[in-house]
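Heads up, the next two complexes both have chain A, just with different partners, chain B and then chain C.
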Partner chain A sequence: MSSFRFENVLLIDDNEIDNFINKKLIEKAGFSKTIDECKSGSDALEYLNSKFITNEKLPDLIFLDIMMPVMDGFEFLENYDKLDYKIKSNTRIIMLSSTESFKDLNRANSSKYVYKFLNKPLTEPVLIAIQ
Partner chain B sequence: MAKNKSEDNYKYNQVLLIDDDQIDNFINERMVTTTNFAKTVSVYNNAPAALIYLEDLLINSKVLPEVIFLDLNMPVMNGFQFLEEYDKLVKIYPNMALQCRVIVLSSSISETDINRASINPYVFRYINKPLSEKYLNAIVI
Partner chain C sequence: MAHLSKGIDITLLQELSGNSTEFVLEMLRMYLTQLPEAMSELEENLTDNNYKRISEIAHRIKPNFAYIGMPETTELMQKLERLGRDQAGDPEIKTIINNLGGVISNTLLEIHNVIENLH
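So, the complex of A and B:
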């Protein structure tokens, strides 16, 4: 039962293939009991709000992609900031970048919500290193 | 005056800076203290000396620094080699991993370095130099 490191993980990525691979990887590593996915930043905000309203388990960890249409990772963070603090209190965000841009790293490091910044692809050693 | 401020105004008690660049150390030390990020800063310009310092604290059960800012590109022992030695210390003193967080502070923007640091379990963050108040404020451990 407690063999999972996390109870619930949320993947925010518009790329279905990335979501699929990351989901498989997380499952295989026994990293999280449940894994949910949202295809955009706005979907994720809705997801978080509805989980909060219905008093369901909020994600312990969010893997946030940067490049997404409609609302990108950084725009998501701006809106995330406005959410009720109770939604955010037990959630950590890991940003996943696929761009070779250190500017993203610097932006991510300026956000108090970003726990870690990682380059894609997500791999098993990377998951293990998440405390 | 600032002198009258209580200890509570500091985010952390103790910070360790490991960087061979004297100017960077000077600037970062100022940055860490003037922003009230840490009350005291210990500075080492080489990784082996920092390891000896940490080992001494561990042996004597003294308070460890909460944050270790680690440069990567250093002569004699680089940041990654430091992390290997750090791992050996953690094996002997497991509490250290809970008490200290390593933040890599490097001017390297190489993907390889960022990825290599990311998969290290002790590395909490990878910050591109120069260290700024904005980055310090965003550090929540």
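So, the complex of A and C:
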């Protein structure tokens, strides 16, 4: 039986330093067996479709940044809604951002796909508290 | 600026990595490429009066300064993010970006020193 909390976690963030730190934290906490990363919402949609088509393990959990070039976190959610339901059925999304905007927070919390909103930086106690 | 006399602080990076020198070195090497790139992007977008993009870049790099113990610069990026988003053309945007150039140059020197000492 796996000792990891999750099988696969996907980080969607254009900030390489954030991704690097978050990957390290996730590894250190034994949070996920595998960790993948995408640098924009559009890359993430491609990643999800590709995993689905090739019948590979889809992420159990996605950490989604808001402000990203090409396609931001909210645009990602709009497009995510159009994906095959099988892609979404076992995936939860946590928005992870350093936004100060209440508008962003409310928008995130009103999305049916967003399980939780977290402020950056991600820390080990916060990670451990994720169910 | 106040933090320049204090220097960078890698305590948080050490804590996050469980005191892995390898991790801290890898992180700091990323800063050596990421910070100059971000600075160039800010300068280019200032020339182009692209304040929306300036706000986005400030938002992106804001946490990077927090990781290396530079709260004043994190706050400065917060301010730049707000100004770029809400007050396009405000002369303070140019002042902040110009000051940031000096801050980043000093930070890069400090990072080089820390890397050397960690080896």
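Just a few scattered comments:
Methods note: the second predicted complex is superposed on the first by the 130 of 131 C-alpha atoms of A that agree within 3 Å, B and C clash if a C-alpha of one lies under 4 Å from a C-alpha of the other, contacts with A are read in each partner's own complex, and residues count from 1 in each chain.
Following the convention adopted for this analysis, a contact is a pair of C-beta atoms (placed from the backbone, for glycine too) under 8 Å apart; a residue touches a chain by one contact, two chains touch by 3 or more.
These numbers come from a predicted model, not from an experiment.
With the C-alpha superposition on chain A as described, chain C and chain B fit side by side in the combined arrangement.
By the touch criterion stated above, A:69 is placed in contact with chain C alone, chain B being left untouched. After overlaying the two complexes on the shared chain, residue contacts for A:16 are found with chain C alone; chain B is out of touch.
When both complexes are overlaid on chain A, the residue A:28 reaches chain C alone and has no touch with chain B.
Of the two partner chains placed around the shared chain by superposition, chain C is the only one that A:120 touches, whereas chain B remains out of contact. Draw one line from the C-alpha centre of chain A to that of chain B and another to that of chain C; the angle between them is 110°, to the nearest 10.
Look at A:112: by the touch rule set out above, it reaches chain B but stays clear of chain C. Put simply, chain B and chain C get as close as 14 Å, counting only Cα atoms, in the superposed view. The residues of chain A shared by its contacts with chain B and with chain C are 100, 123.
Considering their complex, residues 109, 111, 114-115, 118-121, 123-128, 134-135, 137-140 of chain B touch chain A. Within the complex formed with chain B, the chain A residues making contact are 100, 102, 105-106, 109-112, 114, 116-119, 123, 125-126, 128-129, 131.
The part of chain C that touches chain A in the complex is made up of residues 13, 16-18, 20, 23, 26-27, 30-31, 34, 56, 59-64, 66-67, 78.
Residue ranges on chain A touching chain C, taken from their complex, read 14-18, 20-21, 24-25, 28, 67, 69, 98-100, 120-121, 123-124.
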